[in-house]
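Several structures are given next for inspection.
Both complexes shown next keep chain A, but they swap its partner, so chain B is in the first and chain C is in the second.
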Partner chain A sequence: MIIDELAGIAHDPRKSVDEHIARTGKKAIGCFPVYSPEELVYAAGMLPVGMWGGQTDISKATQYLQSFCCSIMKANLENGLNGVYDALSMAIIPTFCDTLKCMGEVWKTAVPKPECFTFVFPQNRKLEAGVDFMRSELERLRARLEGISGAKIGDGDIERAIAVYDEYRAAARDFVKTSPSYPLTVNARVRHNVLKAAFFMDKAEYAAKLRAATAELKALPPEDGGSRGVVLTGLLAEPDGFLDLFADSRLHVAADDLVQESKQFRVDAPKEGASPLDRLARRLSDMDGCSLLYDSARTRGQKILGMVKDTGAAGVVVCMMKFCDPEEFDYPIYKKELEKAGVPLLYLEIEQKMDSAEQLRTRIQTFAEMLGA
Partner chain B sequence: MYLGIDIGSASSKAVIVDGGLNIRASCVRDSGIGSDGSETVVAEALGEAGIDRGDVACTVATGYGRLTYGGADMQVAELSCHSKGVYHVMPSARTLIDIGGQDAKIIRLDDKGRIVNFAMNDKCAAGTGRFLELMARVLGVEVDGLMDIAERSMKEVSISNVCAVFAESEVISRLSAGESREDVARGAHASIARRIAGLAARVGVEPLLAMTGGVAKNRDVVAEIGKAIGCEVAVPESPQLMGALGAAIYAAERRA
Partner chain C sequence: MEQKTESSKAVLGRLLERHYQEALDEKAKGGLVAWATSISPQELLETMDIKVVYPENHAAAIGARKQAESFIEHSEGNGYSVDICSYARVNLGYMEIQESAAGNIPLPDLIFCCSNICNTVIKWYENIANELGIPMILFDMPFNHTYDVSDESTTYIRRQLEEAIKTLEALKGKKFDYDRLKEVMKISTETARSWKAATMLATAKPSPLNGFDLFNYMAMIVCMRGKQEGLDLFNLWKGELEEKARLGLGPWKDAEEQYRVMWDGIACWPYLSDTYKVLKKYGINMVTSTYPDSWTVIYDAGDLDSMARAYSSNYVNRNLDFGVDNIAKIVEDFSLDGIVYHSNRSCKFMDFRQFEVQRRVEARTGVPSVIFDGDQTDPRAFSLAQYEMRIQTLMEMMRERKEGGQ
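After this line comes the complex of A and B, so read on.
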């Protein structure tokens, strides 16, 4: 099935990126979490590549990062120091959290290749001043990308890139809406890897494959695996061994509120705007319910409750990335709202690389037994 | 007959119940995962009940060794089994503390004995039976002897509840500073109790508060936990067996 092909790409991103570079002659630009402006890279005729850590043993990175630092950033720095990202022409490092803010400076000091571009996001992204600031940062990035590609990025190029990304986002939303009907074929691991493949492919090619994969699924009769659906929230849910614990306990992902997954494609660019960069800036204004985006209305809990209601999920699983301050600050707020609504909640502390997950197995199995799975 | 086996990190436990859920045999051995403890307790329980393996209609395994034990018809998580076992012997229990060899759990139950919420310790030995083993080693007693010396204590010496490794060096420093073993043992118990009280606050405590697991045999720890939480702690007659009992009841229910 096509979903197997996509999941395979997530397991070997280097191969996919290298093949793309060899096939198209395009350059590739690394995009750190969580919302690097990929559309602009795409408009520049280059391949945006997600840099979301990986299953990396940490050694050299400890020279620069404290032990109480999130495992995604540790893995990215370790990979950078080991030359894993040498094929990239640049890495965009945004400033969404304290660790990312430091990472830009560490990268400049410690990692010779690829060079980095620190993209400063506005804190008050809904104010016109914040939109103006975001536009100016996008202009700065546009100029830098033009320097790397050697070609101007026209407004038409950006409009076309936004259209490609909106189509990718629509395809991804359709896939996550469809997949809970196939909990055996699209278990938690497969679902995650299919969505993760987007970070390592041309988005137009990915969207076409994902549309075809979803059509393949829809042609099948719905599966009744007897499992219960849960909503995942957090930064990300990895590694595969962790995700397999859900299927082992007869749980599947009914919906997700993960930054690495649905939050990437929940919101399209606004249809109208003074310019394509204005549309990109205002897309950030329209995104809510994320720990890394200042949200005075604190809408995350209500969004999660909405997902539970819409999907009939039996509970919510918090995948708390160890040492992620923004996620930890959000937790007490939505926990209170979920408890008030009587939604069963499981809190799991995770790291991106976990060699032993037996205690997590006990927690997930107990939660599943509690939900009657 | 129905067999429940609880294979923990430090010990193995087996319980056999009949169709009326009466306990017909039980066995505990201080050898857990990676040993022949599981086979030993099963053989001894079968012998005590006077039955053969063929007389067992269903076997449920629980504990950290539940997946590697080959003789089970079903595996159930230990939190579910402890809850089932405790509710069977103490139907008024609404909160359960289980401190095992390598983890601590707080479980909230409804009036039907179903789990409504739970919390477990993080990847850390503080607040677990392993912490007490380390303390006993430094104090030069068997872990079962900690209670005896702590009960002779005249005061509590403050011991960190953050990390078992740091606490070990802290105990050595306290002893070097002239504090008595009795007072340090009491301090270690109070340290566990504070840790458990913090964990309990995450899910809330509703009486009756029951405690299971091997550490529940230590009266001094139980008393310190009661003080730290501000709630009387009830301990069933055989606290270590509650997981295996719950597993045996699951086996009987599955068969039914």
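After this line comes the complex of A and C, so read on.
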């Protein structure tokens, strides 16, 4: 099935990226979590590549980071120091949290290749002043990308890239809406890897494949394995060994509120705007319910409740990335809201390299039993 | 009868008490109270006559009174992770308990948050605003990854200041008085200058100032920068230090200053006197830290662009190159023998560049340094034994270097 092909790409991102570079002659640009203006990279005729850590053994990175740094950034730095990202022409590092601010600075010092581009996302993203600042950052990036490619990025190129990305986002939304009807074929691990493949492929190619994969699924009769659906929330849900525990306990993902997954494609660019960069800037204004984006209304809890209601999920599983303080700050607030609404909640701490995923087995099993799986 | 002049320490105590009392009184009579981050544009609040308290100050005071643990445990009980900044854990606990032996503060009606110290405060203050259902004004100060503050950042910040003024007008139901703002900006700059001048007197050898006093006066520069009394206090303190320096007096009556060090990061409030005593035991005087400059917010009175730039120039909002230059200059200005780096479990922004800063400063200045693990208010994250061992190591290195004639 096509979903297996996509899931395979997430397991060997290097291969996919190298092949793409060889096949198209394009340059590749690394994009750190959590959001990057990928559309602009795409418009420059380059491949945006997600840099979401990995299951890396940490040794050199301890020269720069204390033990209580999140595992994604430790892994990214370690990989950078080991030359794993040599094929990338640049890495975009945003400044969403204090750890990321340091990462940009450390990268400049410690990692000669790829060079880093610090991108500052405004937090007052709903004020016009914030939109204007975001646009100026996009202009700065545009100029740097033009320097790398040696070619101008026209407004038309950006409009086309936005169209490609909106299509990708629509395809991804359709996939996550469809997948809960196939809890056996699209178990938690498969679902995650299918979505993750987007970070290592040309988005137009990815969207086409994902649409085909979804169509393939829809042609199958719905599966009823007696499995119960849950909503996952957090930064991301990895590694595979952790996700396998869900299928083992007859749980599947009914919807996700993960930064690495649905939050990437929940919101399209607004249809209208003074310029394509304006549309990109205003897309940021429209993205709510994320721990990395200022939101004094704190809509996250309500959004999760909405997902539970819409999908009929039996409960919510918090996948808390250890040492990720923005996520840790959100938890007590939405926890209260979920408890008040009587939604069963399971809190799990995860790290990307988790030898101890097995230790979570009993907790997930008990939760599943409580939900009647 | 001869009029005895009050010492700056006595004035400090009195002013601090009044500062909190005024906020409590305001709340009692139904007025507006703001909670603000430590280096925020307080000028706007002062102009609008809005009383303000600073949760970081209050959390530090709770820590120094060794009261932090119960508040921290309360927050952790509510689901706050041990990983997050302990000021936030203390304060969010206090918000519910509302009773502390270190003094009380009224709950806020308005949140006033400035991200020039970290992104953490955005999350922390967002939670307060959310829990209490009150408005929040955020001054987002883009991290300066370039050496200086860019024009785009300056404009973005200035426009946020203008936006905040509109919000405050609506909240208070009165017009913003720009003449008054100019006045407040003038006083604030003068106070900042006076504070900086006082702390620079520690460049004298021996230093008339022991840096742990610096930590005490810090509470005042946080909450009194925009007030005439604040200016008077720092002028008074400066006068006292000048007099001591003129007489060649060092930091202590009963011991000589033998080594001069800088402390990087926040104090360990619950162990303030322990950490101090260990240094003193070895004749080490902490003459300064990276803090004096944090409140040296200098701009042209009445000019919002220059105010925007000044607030964004805070060293924790600056890049690593600036951080290194900054400390290297302190090493020179204060004739330092060593540096103590506090790897503060609470403060990720300071931590995750500290190793590199240490390496580069050492390469540039040759001055030895040590890093110890601690936390500003969580007493569980500090070990006195480890601290003392690190200080001994530093002392050895400083002695060797001195004997080597450097």
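Everything that follows uses one rule, which is that the second predicted complex is superposed on the first by the 373 of 373 C-alpha atoms of A that agree within 3 Å, B and C clash if a C-alpha of one lies under 4 Å from a C-alpha of the other, contacts with A are read in each partner's own complex, and residues count from 1 in each chain.
As a working rule, a residue touches a chain if its C-beta (ideal position, glycine included) is under 8 Å from a C-beta of that chain, and two chains touch if they have at least 3 such contacts.
Being a predicted model, the structure only gives us computed values, none of them experimental.
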State whether A:Ala110 touches chain B only (first), chain C only (second), both chains, or neither.
second
One more residue to check, A:Phe175. First (chain B), second (chain C), both or neither?
neither
Would you sort A:Leu127 into first (chain B), second (chain C), both or neither based on which partner it touches?
second
More residues of chain A are touched by which chain, chain B or chain C?
C
In the superposed arrangement, does A:Tyr35 touch chain B (first), chain C (second), both or neither?
neither
For A:Tyr85, select first, second, both or neither according to whether it touches chain B, chain C, the two together, or no partner.
neither
Which holds for A:Gln365: it touches chain B only (first), chain C only (second), both, or neither?
first
Check whether A:Phe323 is in contact with chain B, with chain C, with both or with neither, and answer first, second, both or neither.
second
Chain B-facing residues of chain A, complex:
344, 347, 349, 358-359, 362-363, 365-366, 369-370
Per the touch rule above, chain C residues touching chain A in the complex are 78-81, 83-85, 88, 111, 115, 118-120, 122-124, 126-127, 129-131, 135-136, 138, 140, 142-143, 145, 152-153, 155-156, 159-160, 163, 319-320, 343, 345, 347-349, 351-353, 355-356
Which residues, counting only chain B, touch chain A once they are in their complex?
64, 76-80, 103, 114-120, 122-123
Show me the residue ranges of chain A that touch chain C in the complex, using the header's touch definition.
63-66, 68-69, 95-99, 101-106, 108-110, 118, 120, 122-124, 127-130, 132-133, 136-137, 291, 294-298, 320, 322-323, 325-326, 328-333, 335
